[in-house]
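What follows is a pair of complexes built around subunit A, which joins subunit B in one and subunit C in the other.
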Partner chain A sequence: MNSSANALQATFGNAIGRVVDARGETIVYVSPAKVRDVLVWLKQTAGQDYNYLVDVTAVEYRDRERPLEVVWNLRSLSSRQDLRIKVELDPRGELAVPSVVDLWAGANWLEREVYDMFGVTFTGHPDLRRILMWETYAEGYPLRKDFPLRGRFSRSEQVRQALNVNPEGHYSMEELAIADAYDELPRDMRDRLARGERDKIPNSE
Partner chain B sequence: MSKRTVELSVATPGSDAQGNPLRVPIPASPADVDPELGGEHLLVNIGPQHPATHGVLRLVVELEGETVVRVIPHVGYLHSGFEKLGEYRHYNQIIPLTDRTDYLAPMSNNVGVVLAAEKLMGIEITPRCQVLRVIACEMSRIISHMVWLGTTSIDLGAFTPFLWAFQQRERIYNLQEMWTGARLTTSLTRVGGLLADVPDKFVTDLRTFTETFPDTLDEIDRVLTRNAVWVGRTQNIGVLTAEEAINYSLSGPMLRASGVPWDLRKDKPYLGYENYDFDVPVGEHGDVYDRFLVRLEECYQSNRILKQALDRLPEGPINVDDPRVILPPKSRAMNDMEAMIYHFKQVMEGVKAPVGEAYAGIENPKGELGNYFVSDGTAKPVRWRIRPPAFINLASISKMAEGHLLSDLIAINASVDIVMGEVDR
Partner chain C sequence: MKHLQTIDGSDSWLTTKVQSLFEWAAKTARIDGVVNKAVNLSRANSLWPMPFGTACCAIEFMATAASRFDLARFGMERQAFSPRQSDVLICAGRLPFKLAPVIRRIYDQMPQPKWVISMGACASTGGIFDNYAMVQGIDTVVPVDVYVPGCPPRPEGLLYGILMLHKKIKGEDLFDSSLRDEQLLNDKGLRLPPEQIDEVSEPFGNSVHQFRSA
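Presenting the complex of A and B:
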């Protein structure tokens, strides 16, 4: 059993839910309101020193009654201990947890991936965009259990959209602004980009 | 004639008092060349179809003159949804998916995923299987580093080491083919054991390899390590300090090149790595050059481990003696009622895992490959998460490249050692 679990219970009281110790791994459930305080405390308190973020991910169970879990795998390189922090969220409610990018820069892409795949918002993230799917992907969040394995759209619709991508949509507004290329685009393209249409087909809806 | 000599001496100006190589002076900004060029920023798109991005990585680069101001990476062009697919498959059926993640070290991925499944199910593998899996991991490390060395040297203008490195990789591929029947889609492991024992000729052939392979490493070392062009293009490029490397969650050679002595084989041993005698090379400056040195030395160390593993390879079974996990031999399944029932149940229902979860990290060539299974008691995982080392290492590329030249961006991108199959999964 990782001694940090007891220290957390002593420090945060009933913000800490159950503690599971199985297969040499310690899992601590934390209430969503306090999770950022817990993570800051684990990183910055002498003696805890969880300076390495191994992974951020999420778990949704097949049982729809069970909450969706956001998981932080932490590691202390000095004491060689791993600790898993979990937060339970109601999948029917708002899925939001605080971001930890300011604590661990490595969380940037990991949080974007969880947002992309599960639709969990990380409040305070500097650049929360989809990462593996394209930015205008409209089918939802692929790793959610209500997402069918083949996607929400029919195969013919997926093919149609792929063939009809808007070629100027491959650069973001920000990127085009860098090159001053934005001013050179025809007016209708500029209007479409300004409305946020990237890879969408014009007039498709 | 004399003019030409002068030019050459400018191109390779030698070294300063501390022994560091001097560089050709480059004006800091375009405004220094011509005031009219000041303030102009250029947008350059590299990839997704570009040989120097090592796969379908796309980098949108903002340049001021030749200096990189900002790098905006775009990934996901090779996204295959492996984690989603894994939720619809039995644990053993997941193994072929792992071949296709880090496809430069497939056997090592196979080992990683079954270690997590075995941890979840509480299975202890046999001693022979342990040693064979170590051999598989170290063979993978060598081929992955050989591809890295070859492609990186090509990116930086050296063609010859590429040929040497790929020649050695080919020898391992032949061994891989001898063992598993496949060169890339090895699917070597099974939960509780292996696909097959090594064939008779394998041990002698691998021993021959371990005896001659260091010669190639020596040659690469001789050609690159003190080469003025190589040194000039890699030293002080893409520097990350130890604190930054930890903060960016880097792992593997990237982390160690920055001076953090962390190797899962030493610090959280698995597969009995604590019983092998090997060193973990650690860099000092955290630049591209140190990453090269670390990877080169890791090849020597992998070779050492391979030799020790061959020496101690014990006799005995490769699979655990548990009919619920391992298929009975075909002859028994066809003649023995009980064996046939087990065979049927395993094929139809799969291997059931108890309720719970397990994370197992292994030291892959690219870094820490983690496999995280969550089970609800059925034969298919609720969640299969790959902690992708290349994806996490790549996230630091903007930090490393900004302020360097565009040509250095190529060196930095190469030094991360990405494989897009794993980055995009």
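Presenting the complex of A and C:
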């Protein structure tokens, strides 16, 4: 059992739910309201020092009664310890947890992926857009259990919407490398980026 | 003779000259059969492939291009990694919906004459990926000339498909300009009627019902 679990219980009291030891890996359930404080504490407290965010992901179970979980996998490179923090959310309610991009910059794309696939909103994220599916994707969140395997639209509608996407529309000012090279970009691209232009979904038939 | 036109449809001086030469040859000397044969033979034996490798089929494609199987034996000396200088689009691997507009643009950028080989089960039908993210056969996006089955096809399979394409090219009528018509997307943004796309994308085997367009 990871000793950080006991330290968390001592520090945060009843904001910490159950602590599970799953085959040598420690899982700590935290209340959604306190999860940001817990993660800040784990990153910044001397002796804890979880300076590497391995992954942010989410789990929805086949059992509809079970809550949807958002998972942070943390690792401390100095003390060589792993810790898994979980938050339970009601999948029928609002799915929102605080963003940790300011703590671990690597959380940026990980949180975008969870948002894209599960529809979990990370409040405070600087650029919360879809990352795997294209930005105008309108069928919902593919990894949710209520999402049909083949998507919600007919195949022809899916092909139509896919073909109507502008392949160059995926780039935006938020892609920092492009923003740095802004002055050297071709003029039409500069205009397009300055307008903040994105793909628009054409009217459905 | 549309195939001799430049991409924007205007005739350059050279294409006009070549065109009139062909027409003269066809009309006066009645050697259109010979011209046909000569042009098709040279086209078939100097195909420049544009590889569009998205998955494991691309590994087999690379093996086909490398020394053991050696595509160059069949006139595919040069891999054209630019659509502007290529004749055959080889889609090697599954095509996600996110890549559909990309392959469509590459196909539109290729000059006539052009052909498409759909390599592997996923490119041809969607294969095992009967899900929300995958195009169920690239023929719903671009016209396809040769389908190569396999998961992935062995290099021999791809070579067989290429030789089938050779055969097809050698049977083409040089003076049938309809073969060289650009097949652009229609006003609905599709290249096939919606019912037809639903039909060819219909799941089979143990798969369950798919939503149909109204």
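The rule is short, and it goes like this: the second predicted complex is superposed on the first by the 163 of 205 C-alpha atoms of A that agree within 3 Å, B and C clash if a C-alpha of one lies under 4 Å from a C-alpha of the other, contacts with A are read in each partner's own complex, and residues count from 1 in each chain.
Following the convention adopted for this analysis, contacts are C-beta pairs under 8 Å (C-beta built on N, C-alpha and C of every residue); 3 or more make two chains touch, one makes a residue touch a chain.
Everything numeric in this text was worked out from a predicted model, so none of it was measured.
**Student:** Once the two complexes are aligned on chain A, which partner has more residues of subunit A within touching range, subunit B or subunit C?
**Tutor:** Residues of subunit A touched, subunit B against subunit C: more for B.
**Student:** Would you sort A:Glu157 into first (subunit B), second (subunit C), both or neither based on which partner it touches?
**Tutor:** Only subunit C; A:Glu157 stays clear of subunit B.
**Student:** Quick check for you: in the superposed arrangement, does A:Asp63 touch first (subunit B), second (subunit C), both or neither?
**Tutor:** In the superposition, A:Asp63 touches subunit B alone.
**Student:** Between subunit B (first) and subunit C (second), which does A:Ile131 come into contact with in this model arrangement: first, second, both, or neither?
**Tutor:** first
**Student:** Return first, second, both or neither, reflecting whether A:Glu139 touches subunit B, subunit C, both chains, or no partner chain.
**Tutor:** A:Glu139: touches subunit C, not subunit B.
**Student:** Check the residue A:Gly106 against both partner chains and state whether it touches subunit B (first), subunit C (second), both, or neither.
**Tutor:** A:Gly106: touches subunit B, not subunit C.
**Student:** Scan A:Asn51 for contacts with subunit B and subunit C and give back first, second, both or neither.
**Tutor:** First partner only.
**Student:** So in the superposed three-chain picture, is A:Asn166 touching just subunit B, just subunit C, both, or none of them (first/second/both/neither)?
**Tutor:** After superposing on A, A:Asn166 lies in contact with subunit C but is clear of subunit B.
**Student:** What residues on subunit A does subunit C touch that subunit B touches too?
**Tutor:** Common interface on subunit A, subunit B vs subunit C: 133-134, 142, 147, 149.
**Student:** In their shared complex, at which residues does subunit A touch subunit B?
**Tutor:** 22-23, 25, 27, 51-55, 57, 59-63, 71, 73, 77, 80, 82, 84, 104-110, 113, 117, 130-134, 142-143, 147, 149, 171-172, 174-176, 178-179, 181
**Student:** Subunit A touches which residues of subunit B in the complex?
**Tutor:** So the residues of subunit B touching subunit A come out as 41-43, 45, 60, 62, 70, 72, 75-76, 79, 81, 83-85, 88, 119-120, 122, 244, 246-250, 260, 262, 267-268, 356-359, 361, 368, 370, 372, 374, 376, 382-383, 385, 387, 391-392, 394-396, 399, 424-425.
**Student:** Across the complex, what residues on subunit A touch subunit C?
**Tutor:** 133-134, 139, 142, 147-167, 202, 205
**Student:** For subunit C, which residues are in contact with subunit A within the complex?
**Tutor:** Residue positions touching the partner: 97-98, 100-102, 104-105, 130-133, 135-136, 140-141, 185, 188-190, 194-195, 197-198, 201, 203, 210-213.
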